[in-house]
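Read from first to last, the chains carry the letters A, B and C; within each, the first residue is number 1.
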Amino acid sequence: MTTTEKTPGRRESKVQLRLAVRIVVLILIAMGLTHEACAQELRVAAASDLQFAMPELAAQFEKQSSVRLNVTYGSSGNFFSQIQSGAPFDLFFSADVEYPHRLVSSGIAEPDTLFQYALGQIVIWVPANSSLAPERDNWKALVDPSVQKIAIANPEHAPYGRAAVAALKKAGLFDLVQPKLVYGENISQAAQFVQSGNAQAGILALSLALSPAMRDGKHWQIPSDLHPPIQQAAVVLKFAPDPHAARAFLEFLKTSSARATLSSFGFQIPNAPAVPATPAHH
Amino acid sequence: MLAAQFKFSRFPPGPSLFALEVSLQVPAGITILFGPSGAGKSTLLDCLAGLQTPQQGRISINEHVLFDGPTRLNLPPQARRVAYVFQTLALFPHLTAEENVAYGLAGLPRDTRTARVREILQAFAVEKLRHRKPAEISGGERQRITLARSLVTQPRALLLDEPLIGLDAHTKSAVIDDLRAWNASRKIPILLVTHNREEVSALGEQVIALDHGQVVSEGTPLEVLETPRRRRLAQAAGFENFLRGTVADLREADGVMRVRLSDTACEIEVPLGYASAGDAVCVAVRAGDILLATHPPHSLSARNVIEGKITSLESQGTLVQARVSCAAGPSIEFLVHVTPGAVRELELAAGQRVWLVLKTHSCHLVEN
Amino acid sequence: MEALLLSLRLALCVSAILLVLGLPLARWLAFTHWRGKFLLEALVALPLVLPPTVLGFYVLLAMGPRGPLGKLWQLFFGHGLAFTFEGLVLASVLYSLPFAVQPLVASFESVDRKLLDASAILGATRWRTFWRVILPLSFPGVITAVVLSFAHTLGEFGVVLMVGGNLPGITRTVSIDIYDRVQALQYPEANRLALILLLFSFVTLSIVYAVNRRVAHDLAQRLWAPWAAK
């Protein structure tokens, strides 16, 4: 037929090539199919102070829709940097409204989805076996001589830290306690410092103080007029594979049952009658 | 006088199961410790020096007891004052010759130390090398410096593990002469290990032969080398032929006995030994003790003339090794050494019919 | 800049301490025959595989008022160990331990055993053998140990994060500072600090390796040997 006859080896490799291509195509189809399945899952980046409230909210939402939530907890600042570099999240729950604002202005987030889901509250917290009694002595607990270290979140980038510093200044105590301050990378690390006993007291998020691990400690909620509001906001990200489901979750958060859940975990709900943050059983 | 009698065993996971059981006395002067590799010579020295500990026994030099099993006395090497020169010398590479030699004198005041070091370097003729590092010194001079390092501490005994390896004959004798000269005044026991026959003969002192962890013979070099008791020792002493056979006949009057080799008709006459007719024996003969003739010899004093055929000729430098099979029993092969000149003149070649001549007293009975 | 100086101080302290602690530990590991030695070796190597945050977490607990380290420190100094420079030094020493000990052990083991035997036979105690024979011949290993522990501590982040408390001038090392700047979106600042750290580390390491091993070795021996021979 042709001048050069293909050697048996070359014919074999042609067959192998065709087989390889078929396998790759099958894999791609399979991936596409599973991708379809993944679309039913929402990837959420959430500030660490939501780690107790979010599972509850997710469970409620999953019951009424077929959407599963895959939540990652961490510091808002970290998430911000990652999202800016293209981290594939659908939703971002930030402890500081500043980050979602920036994401919107840089075009990475959907402007109309920006939603302030809660106002953070700060408390003075000490472990159960501490000799201090902030619920009775309020600010005075911090100036007790037995307090050598006070843990707060880093005010340079954590909203709870900034609020703590602002409140201390308003209460006229900042200069006095400043030498004793130690800074956690985020509010969770600050909590860790106090829980391990390395710091004798801390200014932490109310949501953390109410969490199972810290519930048995003693705390006093610092009046919210002493510090700028800790506006916690969520936003849908532009490259979310399923923006519809993401928006649906945010809509769910505006319902009264979701708000009630949030407030029971220590978040004050904006534009709602002030709900006493201290739960009845304390 | 160094007296040692001890048992030492090493169980796996060491290299292999090994047992050393010795009883020996080393008087002042040079004593040779001779034996094949694996006999336990280095281990014996290690035990004497304190680098290894025997399970039981006693080691002492004159009145100083170094090791005593019953009283659990075991002096560490630092306290024994036994000098030990390793085969690898182990000169400290980062120190000069002078610093190496001074190493063992650390406790002395500086002036005494320097004086002693200079003195011994001069005695061993290496004074001019004192600022050199070991890497810049070669051969016999390194040996000398190592000896100087060991002897400057005025030890009670000296152990040498193959100290002359790698040296040419001239250097060997020079090093030994220096050592003898040094010991003439000090008179300490010196135990020198070697596996080299020539050294044993050349040094000519008392010899202790060691094999498989046991002392197999003691005496003069001649005694130890010429009448080996064990086959391995025989190999170390230069026997190439080991012939198995059975005692056919005893001739007490002549002082000989006839041995039939293997199951053949070949018989040889060997000196009378402690054996009876029918005993299995092993006869060792040196390849250099066998004569080769291309015609059947007659009127010879030698009692053993064996007809055979050359199966191969192999040149080994200054001699030629011939393999000759026995006509009466082709399974028996003799190794014979001949000179290249003889090969040429007699026109020896493989396949040639020859006659082997063995003197009775060149045949030695050895243990199986 | 304060953070960089702090990091340097920390790295120097830790390297010095690790040298003092590492030498006897490495000597024991290199020359002792004990059936249980492998356990200690694994323990020393643990920080190599443990995430720094895990180590930091346990150190934090140990430093707390209920922990063994914390109680001891409180007894002597009347205040806690966490959030102090000393606390960082302790945590860093634990974390960089294998980087100092392992090169030392490897170096000691490579010394010809016969030299050690010779030294003993010539009457030297084990201590003297270590100082006059083993150490001079292991100098490259010592240099490696110091350089590695210095470099490793300089770049440390996870452990410092866990136990430091981020106090400027005390526990805010340059790696924490860079992280903070990034968190606070101060990218130009972060970049500047990172670049300084990178250049500094690179230059330091280059100098150490460029000074030809042989040269450093010879120099060290020339300085050491006269003393060793005494």
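Following the convention adopted for this analysis, a contact is a pair of C-beta atoms (placed from the backbone, for glycine too) under 8 Å apart; a residue touches a chain by one contact, two chains touch by 3 or more.
Worth saying up front: this structure is predicted, and the values here are computed from it rather than measured.
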Identity of the chain that, by mean CA position, is farthest from subunit A: B
Closest chain to the centre of mass proxy, which here is the mean CA position: C
Whole-Å gap between the CA centroids of subunit A and subunit B: 84
Whole-Å gap separating subunit B and subunit C, where each centre is the average of the chain's CA atoms: 53
Subunit A-subunit C separation of Cα centroids, rounded to whole Å: 37
Residue ranges of subunit C touching subunit B (in the complex, touch as defined): 112, 114-115, 117-125, 128, 132-133, 136-137, 221, 224-226, 228-230
Sites on subunit B touched by subunit C in the complex: 49-51, 76-78, 80-84, 86, 88, 90, 92-96, 99, 102-104, 106-107, 149-150, 153
In the complex, subunit C residues that touch subunit A: 60-61, 63-66, 70, 79-80, 82-83, 161-163, 165-167, 179-180, 182-185
Subunit C-facing residues of subunit A, complex: 75, 77-78, 80-81, 102, 148-149, 151, 154, 156-157, 181-185, 189, 192-193, 196-199
